[in-house]
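I have a structure I would like to understand better, so I am pasting it below and will then ask my questions one at a time.
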């Protein structure tokens, strides 16, 4: 059982998550052997929601870290703070999770510099330790601790990719956009629009996703459909709602914008 | 209702804003579901004024941050300050807005480094939280909090563009220069020049905007017309006022300068 | 009226400035509406002297900042200093000027990083505010405050140019080398050499300025002529004085040096 | 005998290590003359486990440092910490090991910047000293101290390689994947799966290793087989377990993924 | 008269300097009008010695700063130091010289970043001020203050050159290697070798200087001849002394080394 | 005589050094005039050992600094440390040596950034001073002080080479691998192996050195032969000892490894 210091990180209400395949059972098996896990898939397809759901299901606190290029190892591990009575050590989110037994979720880990990801290595093999070199302490991970990372393969580039020596430390689950019916169910559930409207929004998304690599860098995410649905539920006309929530955010190109606007007009 | 700490950020006088289309209603709908919003458009077309107007209309405090390349995550989120009695945490503008319920407006967000923009992700999905990792606190956003960013598509470059995983978190509104009559009305209102003079200034601007991409990087903005008008209202001759306020700021090229000066002379 | 804290920045003696066209009147009109101003022109043609003269004429304190590549936003805005009794905020020159009502002159602003120039944006539109983000204070500009920048178009490069969104916030005045008679009058006034010698020095400068772009990166500035004149006034031979003050500083190329030495010998 | 300060770094339980050739005897001879040692080989083939085993066998404390690009010399050597009563020096892991007589293991040393690796030079020749330049102290290495580094030749690149002047300071041992029977024995021992399942997992790995350089950057490591085995031991179907633990982590390419899935299906 | 704080910077003994042309008189005239001066010339030809001689002759303290790429503006201007009773401002060498009236010599100024050189601008025009922006103080230069920089034109590159706006603020004097007889006199005076030996050393140098641009980056400097002479004066054979002091330092190329050794053997 | 603060830097036991030519006498002459010296030669050929021997012979303390890319001027010169009673200055190794009269040896100086090497300039000409700019002190070098640098010409690259203005401040001595008999004598002396074994090890090294530039970046150093000999002296078979100490450290290429293994097998 984790300490009280993690109280703020408990997932107290069941997050809405609509399973797609056997990902829940596989994650449970992985957690049972505390295997580090990697969630792979495009932007906005539900990876973050999934890990919240699993944290709730496994009754484990969840500490989420949005990774970025300038995140230092200290941002993960901790640092000394200067106080009136001298310096005080403060655990970073990774040390906090390791010490007290949370699931630590590093979101978009490929954004972080490779040196930052190297810091997690000793926690991902049989040692399960985190050296706090600046403090001179070797934290042995709490038995409940697990590390989970997300990874968008579409982003990988020459400059930014996980090292093989990092990847091989993780089991991996593929995520994608849900099937039509499932996605429509999600959109309706989250926004309150009718099944018919949700169905149309998903159909628009599917058209746009076919343009990925043909003028669009990424497909329309489920999150964007929820945005559009919620505007419609507020009384905004479907055409205007799709313009604001689906088309304008995803492209600056006038031709692509007109093409997408036309696709929207086909359905509404 | 927001706390007193935001008193300095309240928009107490109605800003002059001349609506162009249905942008006010769409923004109100977006705010009602607290959808993160992106205002797209060229320099000086009124995006900043619009968000001030909406803050006034919605009776919400507005915290504006001018983004730049060296803005760190700490500049947005906060930092520890050293004081006589030790360190004291000071919320950055984003934390201030999230904690107390302001609209936080990140101006020219594309100027910021991608890592800085990643910081806003947890505030832009259903979690609506801001992890203060250095403080070890998870701020849950105030119900009134909304995040708004501005974005000039003409600036996007290979090096600087918003990530798709950021863009997809926002609804978007397109902004452009107002129509002739509207823009002239704005210029006259803001400077006190006659309708005739304002009309001529807008006509000059329209000529110059046609040169965008043909020797000018950007069109003449409404702000520049107001500059010219205010000099004329001070008794400066229209030719000199346009030289100072419209032509010299926008080009260093002698031929382009002469062409623009000639265009001015056509009208005055 | 500005506070006493600006006493050291008052221009108490009338600077020698020889007007060239209507720049004094235009600047006065711009100041009357507190329009941010940009002074454009080559090295050493008198931009700095002009702004000193205007500060004297308008009876406003002048705070000058020499911009450079490593100037941070904090260098302009201010920072916390650590003292025995904790930290103390110290306004930077821009905050000082904005708070107490000085003219703030950012010399060679194109040298600064774009992020630093973004800091001045909120002071250059109708908001006239300066957010001190680190201090959590929003400084509303003193009614007397004006911002002036200088800009050498010859320096603009792919890497360093002002952003359009910055340029459009300023009115602009062009500066160049004065006409022959005016420049000779300036040289004689500043150095005490005879009108004849001053006339010859200006003639040499005009020859050298024709070589700009043909082996010289910049023309000979008025400042250099004053250097040469002051050496002559000290009894140095005109040939040696021109060698030291005009030729050797401006070129390292032996052929160009000989050509310039020959031009000098034509006149003296 | 090392001091108590190293108590946390002692390897108290015999690590499971299955010798492959004469590496144990060679390392013992190298340790007897305190020769700095370099362990060469691919990701996940057991280098870290080997050095833990040797530390146990030699009864020496082991201090492991995961190297990364932003590790500074101070991270290895130590730094001054600010405390209420002034600054206090804290040995870094290298100084700790040198002063008190541990084996210091620098994992993936090629990741560190060359300047960081230069710091170890005085410890790797007959001087056996570590200058703490910031403290002004010259630490003479404890007689028990030895330095060990790991190095993955497959990673060497134009940008990142050890300098010859570093390499020549080390003796070196080559590591590779164990032979089929040995590796199967390891997988069975570590996961509890049957010899038959372990045998199949190794056979899959051998197929995948043949693809190194033909679409895979690295071979499947023994560690990954243990991951797959441990999922199977939890009741996950072998096909799903291999998908999660062997295939998805190692490739993002749909064709390669299908080929590997097919290879798995051949055996299970 | 300068303050006591500059006592350590006074040149109390007459430095040995052998004038080459009218440089002493020209510098005196430049100092009399406090014109900023630039000393141009190759490595080791006596620029530093000249400025020391002039400081002695003018009875002014001399503060020398060896410029380098990482010198910050604070290194020149000063900084706050943290002390028990809070922070204390410490003038940098430039502020020290400006405040108390020394000659400030910036050696190899082209090595410094352009931002650092911009700091000296306000001291080099008629303002003669140094803004200590971090301290909020405007230092008006002491009447005795002069700024001198050295500059090696052979080093100028695309990346590193002085800006025209900097160069034009200085008068300039060219320096080169002395004539044969003068250089031999210098070598004999400084080392105690016979006129004959000194003559031969200069002859070797002249041969080597002809190779500049043909395999040697720079000519042999007078300083190197003094090195060779001083070894000979210690009883080292001329051949060995020239090998150590003239040939080996200047080239790593075996062919060039042999050619230079042969040149030495011609004379000794 | 140097102060007690250098006690830890005295070379109290005669280091084993086998002179190759007249380098000892030349260094003694150079030291007698305190000429800065540069030791040139490949990795592991005995430059460090030579300077230790000379420090012992001249009875001078020796302060060695391993240079690297991130060494700052402060690392050489010193810095202020924060203590309970304020800041305290701590001399860096160069200031320590200059103040108290040690030989300061900068090992692999070409690794340091050029700005760091510029710091040593004022110590290498007739001024013999070290300005501690941050402290505002001008250290005049102790009469016993000498500066020595090492330099591996094989490493010079476009990016990293000493500046001519640095090189010309030093006398230089070339170092190489010793002759066969001398090197064998060294190997036997240092390891205790028989003359026959030492002779074979040197023969292997000579073969490998011929491969420099043909697949090997550097030749086998004497240090590596001592490694091999010491393993043999521990009872390791010569083949295995050469594999660990000579072949595996120097190449990752399988073909080169096999070629070198074959060369070893020829002799043992």
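Chains here go by letter, A, B, C, D, E and F, matching the order in which they are written, and residues are numbered from 1 within each.
The working rule: a contact is a pair of C-beta atoms (placed from the backbone, for glycine too) under 8 Å apart; a residue touches a chain by one contact, two chains touch by 3 or more.
Because the structure is predicted, anything quoted here is derived from the model rather than measured.
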When each step joins two chains that touch, the fewest steps from chain A to chain D total 1
For chain C versus chain E, which are copies of one sequence, does the interface use mostly the same residue numbers on each side, meaning over half shared, or is it different? different
By Cα centroid distance, the chain farthest from chain D is C
Centre-to-centre on C-alpha atoms, which chain is most distant from chain F? B
Taking each chain's mean CA coordinate, chain A and chain C are separated, in whole Å, by 52
Cα centroid separation, chain C vs chain D, in Å, comes to 60
Can you list the residues of chain A that touch 2 or more other chains? 82, 84-85
Tell me the shape of the graph of touching chains, choosing from line, ring, star, complete and other. ring
From chain D via chain F, the ring reads D, F, E, C, B, A
Using the touch definition from the top, list the residues of chain D that touch chain F in their complex. 22, 25-26, 29-30, 32-33, 35, 38, 40, 72-73, 80, 82, 84-87, 113-116, 118-119, 121-122, 125-127, 131, 133-134, 136, 138, 153, 156, 164-165, 167-174
Which of the residues in chain B end up touching chain C in this complex? 8-9, 43-44, 48-49, 64-71, 75, 79, 81-85, 90-93, 96, 107-108, 111, 152, 217-218, 220-221, 223-224, 227, 230-231, 233-236, 240, 244-245, 248-250, 252
